[in-house]
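Beneath this line is the structure, given in structure tokens, with notes to follow.
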Amino acid sequence: MLINCVAYRQGIKLAELPVEQISDYLVHDDCLVWVALRDTTDAELDTMQEEFSLHGLAIEDARHGHQRPKLEEYGDTLFVAMHLVEMRDAEITVGEVSIFVGRNFILSIRNRSNLHFLGVRERCEREPELLRLGSGFVFYALMDEVVDRYFPVVEELESQLEAIEERLFNKGMARANIAKLYELKRKVNILKHAVVPLMETTGKLYGGRVPPACVNTQEYFRDVHDHLIRINASIENVRETITTAILVCQSTVSIEQNEVNKRLAAWAGIFAVATAFVGIWGMNFEYMPELKWSFGYPLALSLIGLTCGYLYYRFKRSGWL
Amino acid sequence: MLINCVAYRQGIKLAELPVEQISDYLVHDDCLVWVALRDTTDAELDTMQEEFSLHGLAIEDARHGHQRPKLEEYGDTLFVAMHLVEMRDAEITVGEVSIFVGRNFILSIRNRSNLHFLGVRERCEREPELLRLGSGFVFYALMDEVVDRYFPVVEELESQLEAIEERLFNKGMARANIAKLYELKRKVNILKHAVVPLMETTGKLYGGRVPPACVNTQEYFRDVHDHLIRINASIENVRETITTAILVCQSTVSIEQNEVNKRLAAWAGIFAVATAFVGIWGMNFEYMPELKWSFGYPLALSLIGLTCGYLYYRFKRSGWL
Amino acid sequence: MLINCVAYRQGIKLAELPVEQISDYLVHDDCLVWVALRDTTDAELDTMQEEFSLHGLAIEDARHGHQRPKLEEYGDTLFVAMHLVEMRDAEITVGEVSIFVGRNFILSIRNRSNLHFLGVRERCEREPELLRLGSGFVFYALMDEVVDRYFPVVEELESQLEAIEERLFNKGMARANIAKLYELKRKVNILKHAVVPLMETTGKLYGGRVPPACVNTQEYFRDVHDHLIRINASIENVRETITTAILVCQSTVSIEQNEVNKRLAAWAGIFAVATAFVGIWGMNFEYMPELKWSFGYPLALSLIGLTCGYLYYRFKRSGWL
Amino acid sequence: MLINCVAYRQGIKLAELPVEQISDYLVHDDCLVWVALRDTTDAELDTMQEEFSLHGLAIEDARHGHQRPKLEEYGDTLFVAMHLVEMRDAEITVGEVSIFVGRNFILSIRNRSNLHFLGVRERCEREPELLRLGSGFVFYALMDEVVDRYFPVVEELESQLEAIEERLFNKGMARANIAKLYELKRKVNILKHAVVPLMETTGKLYGGRVPPACVNTQEYFRDVHDHLIRINASIENVRETITTAILVCQSTVSIEQNEVNKRLAAWAGIFAVATAFVGIWGMNFEYMPELKWSFGYPLALSLIGLTCGYLYYRFKRSGWL
Amino acid sequence: MLINCVAYRQGIKLAELPVEQISDYLVHDDCLVWVALRDTTDAELDTMQEEFSLHGLAIEDARHGHQRPKLEEYGDTLFVAMHLVEMRDAEITVGEVSIFVGRNFILSIRNRSNLHFLGVRERCEREPELLRLGSGFVFYALMDEVVDRYFPVVEELESQLEAIEERLFNKGMARANIAKLYELKRKVNILKHAVVPLMETTGKLYGGRVPPACVNTQEYFRDVHDHLIRINASIENVRETITTAILVCQSTVSIEQNEVNKRLAAWAGIFAVATAFVGIWGMNFEYMPELKWSFGYPLALSLIGLTCGYLYYRFKRSGWL
């Protein structure tokens, strides 16, 4: 589905184009054509391939989707695949955006995601002096938008981790905590698979040999790269903490078990003593003088009570009860 | 066993050749000879070595099989070994294909596998403009086919993992889950040993110094490389998740044990109290007035029943029962 | 908030400047302007950007803070972000300092931290022969101060670890130890995120291609780099030891549980024997001769006592009690 | 102890030499002197050092043995140390071979090992066209022999691991399995220390800058390198599997304990119920009508039996018994 | 404290110098001044700085000590810091030696260690042809001595590990074993921190760009480097084995607990049966014919005895007792 198709000259919007006129504008070196599509059909992709003369392998990648984030050069044209990651109701969803960056055009194709880039186009049109930098700047602006949307996801994951951490040492929470940590790790890995390849990719957009379209905007890509490094550091921190937290959960279970065992042992001991006493006076020997005493019974009960009480006190003091 | 032996010129099929005529065609630079063998005998290999003038070490590798995936240059000729990985009835089987890529010939030798490449030859013959690119393109087409067949294997492994994950927190499944995770890890490692060396290998087929036969098809090999990186990322994800899942299984066992222990303790406590009561009234003291009461017995039973009931209620409420 | 704004010539203090005169002094190549700000407002930052002609992206980073430590070159000017790490009441707090290093100016902006650099300025003014080395030396002096303040933090973390280690094998401390180790790991990671990126950064300030401002002070930056390597080695050591210590804690819990179990088993055994004995003489058979003996009862009690005593002795000797 | 000392010209055996004549033959560039020693004395080494003008540090290494596998260049001469690894009665033994490779000589010194190289010399003498390649080829042939002998060791270790894996989930085997896995890891590490440094070493014998003696035989060394990579991959696989297997063993122990606990709890429950019943009818209340019934006793026994039977059935069904 | 201060020419000892004359000898290019100090005062260091014109940062490092092992070039002069590691009564102590290597001087400063280098000087003076190689050779000789002293420490650590391994599967040793393994790991890490940075350092003293003073002695430094690689491999092996051993200890504890639980369960079962029997015959039913039998009591005892005996036999056979 076509969203926009606009031509710019010197950073100023010329016109909204019908798709068929794209190639007419591309012959003018000072024009920039910026097309945005979403959830494209095969026919649309074929049109685009023709209008922009795109390489077959790249079009295949854009068509099939489910690409790993990557940047590939096909002659003058860059093909970039990025993941659009969103947090909806504590669940992660992943869409994709494929971007073709030519000498004087930008084609972005967004699939399976509601995150749109209208704001990017607006901001670019408001700053013609930057838009004048050409396709490289638009490419940066789109990438920056994609990466900026990773931050709230990381923060959400971090706060989910903190929520688990607060209950980490609570009794009886181990099963729930472990299940949540396991689930959280799965989510973190989804984000990681969006971030790490993109980080490697942006590292090639400044400093050394840089694709021609990005030469004038190296400092901007360094900034994006820096953001990705920061996000990645947070991700690694979360991942590592999850591993440690699972370990801690395991320990918590054992410690709790220890405590249950001690209480079990203590009560078993108290009742075993009582049972032994009543067993003794339940024996049928003929000559057991205390059985004849008038106060034998209350004395016996008191003795049993006192002994058990004393044991209870001892266990209490030593922390077993 | 010979499968095909065909000569092409400019991407067009010339003729099916008898094996002995191969060297006659090889002298023509514009001819491409494409030979496919399977489960070869020593004699066949010797013939091939002679017809194509192949290096002794490479022939030895093709003969003995069980090679690690690799690419070696012997002068103009490339020798490539790849694993053919199949999933049959949830079990992984590994065959091998050895490919010799010369300036104007391709020799593929498939061993211990039913995966065939007839489809590749067909598609190539249907697209003469690509087949015209020469042995490098055929090499790509074969490699692409091999790698494409890894995808369903990865997906099968991933879905086996998901099946385990669904039962991960079920009670009493720990032993079965761990056994399955262990088995799954073994399978994943088999695939990994097919993928990782091949990934390193294809990384050398584009970008920097590239073997002459592959110069015109670099973008295709980059595509294969990209597929392998994606497969490898999935593999690593599965491997890591398995490790975490085993850890989680361990925790589950401990947690379950905790629950058993608590129930054991609770019931032991209830019965210990009952036993203590009946023991008291089983004592043989002469002066135990309640023994004489008409309603002593039912009162005693009621008292015991109430006490145990109260304990049961308390344990129930605190989650021990 | 402005702290200082001073111009130097040949290492000698010329004058305290009002902010607006900065650009007047900057035109003199032999002048060095050194400005220090803290907790800046947007307006102050805008003034600074104008006076020193700073790059927009760098100013954005300084404004938003929460940067990963990094060094970026914008033309002639270096932008450096560092973390200021402090230990207050056993809790770690992190502030930031952003430094702009130009050919003949230094601008430092400190945020969310009480650690000040007045001592640095004082020492520099006392050693004009070093201050004469220019902005690179001031940059070194500030960085050295930041890094020197990491040492007491590392030492505090190490001593917290030692405090835990001393109680590592104490009984009943497992839960507290694990909670403390977990907390300690969190703190260590905070410091690590301050140190590692800065270490990578300083590694670029000597040896190979070095930013012009730092060429004359390479040996000093090597020294700072060396300090960071040392700090990092300590951090890694602490981190690794924490992991091992958690493992040890887990073992301790199991061992303690073993001991509890053994004691439980031993006492259960002793009382089970006593209960069996008293049960036997509580049976109602008519012909149980020992029941008629005058000394049957004391004999029985003695027999029970002796048996239990013997069991107690055996359990004691085998270490179960 | 001298084993052989032979001079070759153009791949053809000239004569067995007495040790003193070695230097006479070395002056002829077209001669190759190949000396094999074993368990040398200091005197023999001194003679060799003199005859071949070997470097003192290398001779020291050969004398003391217990070297890490390595390759060192001393001017024209290569010094190589390799481990000879053997499996005798499921136990690993490690010997050493030191090889000096000169422009036209080979000196091999074997220590603490019964693995000999007579077969290598025989094969080389049978193929004069290869032996003609000079000392580099002999060096390859010796190294190939050493590396080929690692394969059966790896296979033995793999089959030991498989033997353990088959019993991994058997009950009551945990202690034995863990002990064997620990022992197996020790053995694997011995082999690893033989293989990894040698692998790094052979990687330098083809491709880039190669010692002069090995220039003509690069493809052979690439083959050896490839073997070592394969061995190393197997080793890493075994090592990783051992770690996972120990983890699995730990889980198995916990699971088994769970089962024991459940059975314990079930039986304790059944007997606790029986004990409570008989305790009730052992009370001394005067008015317990059922005690007077003629069939009270068999009824009571039946009731107890039925209740316990029902409990048994319930526990059986829920898998606790 | 000054130990020695000697001037050499062409490897021959000229004279013991008073410290003040050092600079007089240094002007002669063919002289070598070799000074050894220990536990220096600030004044001594200041003198040395003056006599040898040493860089302030290096002097600071030597003064403060507690450096990470490192090598720094200050113009022509090398500054090297190494750890002196000793094993005294199974405890590791760490001292330091700082060495300044100039074109024609060597200054070694030893702190907090009793390991001295008198033997090095002696050996050097006995071999003037090597001492003639200049300051580089003395530097090598000192470094070689330092590294040689790591070997007995590694061996001691390895034998401590072996001592623990022998008791690894002994019952009741888990707590002691884990404590010792933890302690051993601490010691190993101390050695590691001495070895790894030094290993990296020596790797720069041969092969590529080498400091001028060490150019003629590259093969010697390669030898030292090789020793350090060997030591490091041993250290890594010990470290890895410790980790596995702790894992094994954990398993041992669980297995032991399993055994205790089984014995507990078995004895509990036996006594529960006995208690149930005696309880039955302790009931007060009027019509219990067996109570009237003459041999009722011995029969009952026999029945109980036989049943318990049979249970004992069954538990024994199934390994629970």
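Letters A, B, C, D and E mark the chains as written, and numbering starts fresh at 1 in each.
Following the convention adopted for this analysis, contacts are C-beta pairs under 8 Å (C-beta built on N, C-alpha and C of every residue); 3 or more make two chains touch, one makes a residue touch a chain.
Just so it is clear, the model here is predicted, and its values are computed rather than measured.
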A correct list of chains touching both chain B and chain C reads A
In contact with chain A and chain C alike are the chains none
Given a C-alpha superposition of chain A onto chain D, how large is the rotation in degrees, taken in steps of 5?
145
Chain B and chain A are one sequence twice: same or different residues at the contact, by the over-half rule?
different
Using mean C-alpha positions as chain centres, tell me how far chain B is from chain D in Å, no decimals.
25
Per the centroid of Cα atoms for each chain, what is the distance between chain A and chain E, given in Å?
41
Would you give the residues of chain B that are in contact with at least 2 other chains, written as numbers and ranges?
247, 250, 254, 257, 261, 264, 268, 275, 279, 282-284, 288
Classify the chain contact graph as line, ring, star, complete or other.
ring
Direction chain D, origin chain B - full chain order round the ring
B, D, E, C, A
Flag every residue of chain B that touches chain D in the complex, lowest number first.
55, 57, 67-68, 70, 72, 74, 172, 174-175, 178-179, 182, 185-186, 189, 193, 197, 243, 246-247, 249-250, 253-254, 256-257, 260-261, 263-264, 267-268, 271, 274-275, 278-279, 281-284, 288, 290-297, 300-301, 304
In the complex with chain B, residue positions of chain D that touch it
168-169, 219-220, 222-223, 226, 229-230, 233, 237, 240-241, 244-245, 247-248, 250-252, 254-255, 257-258, 261-262, 264-265, 268-269, 272-273, 275-276, 279-280, 282-288, 319
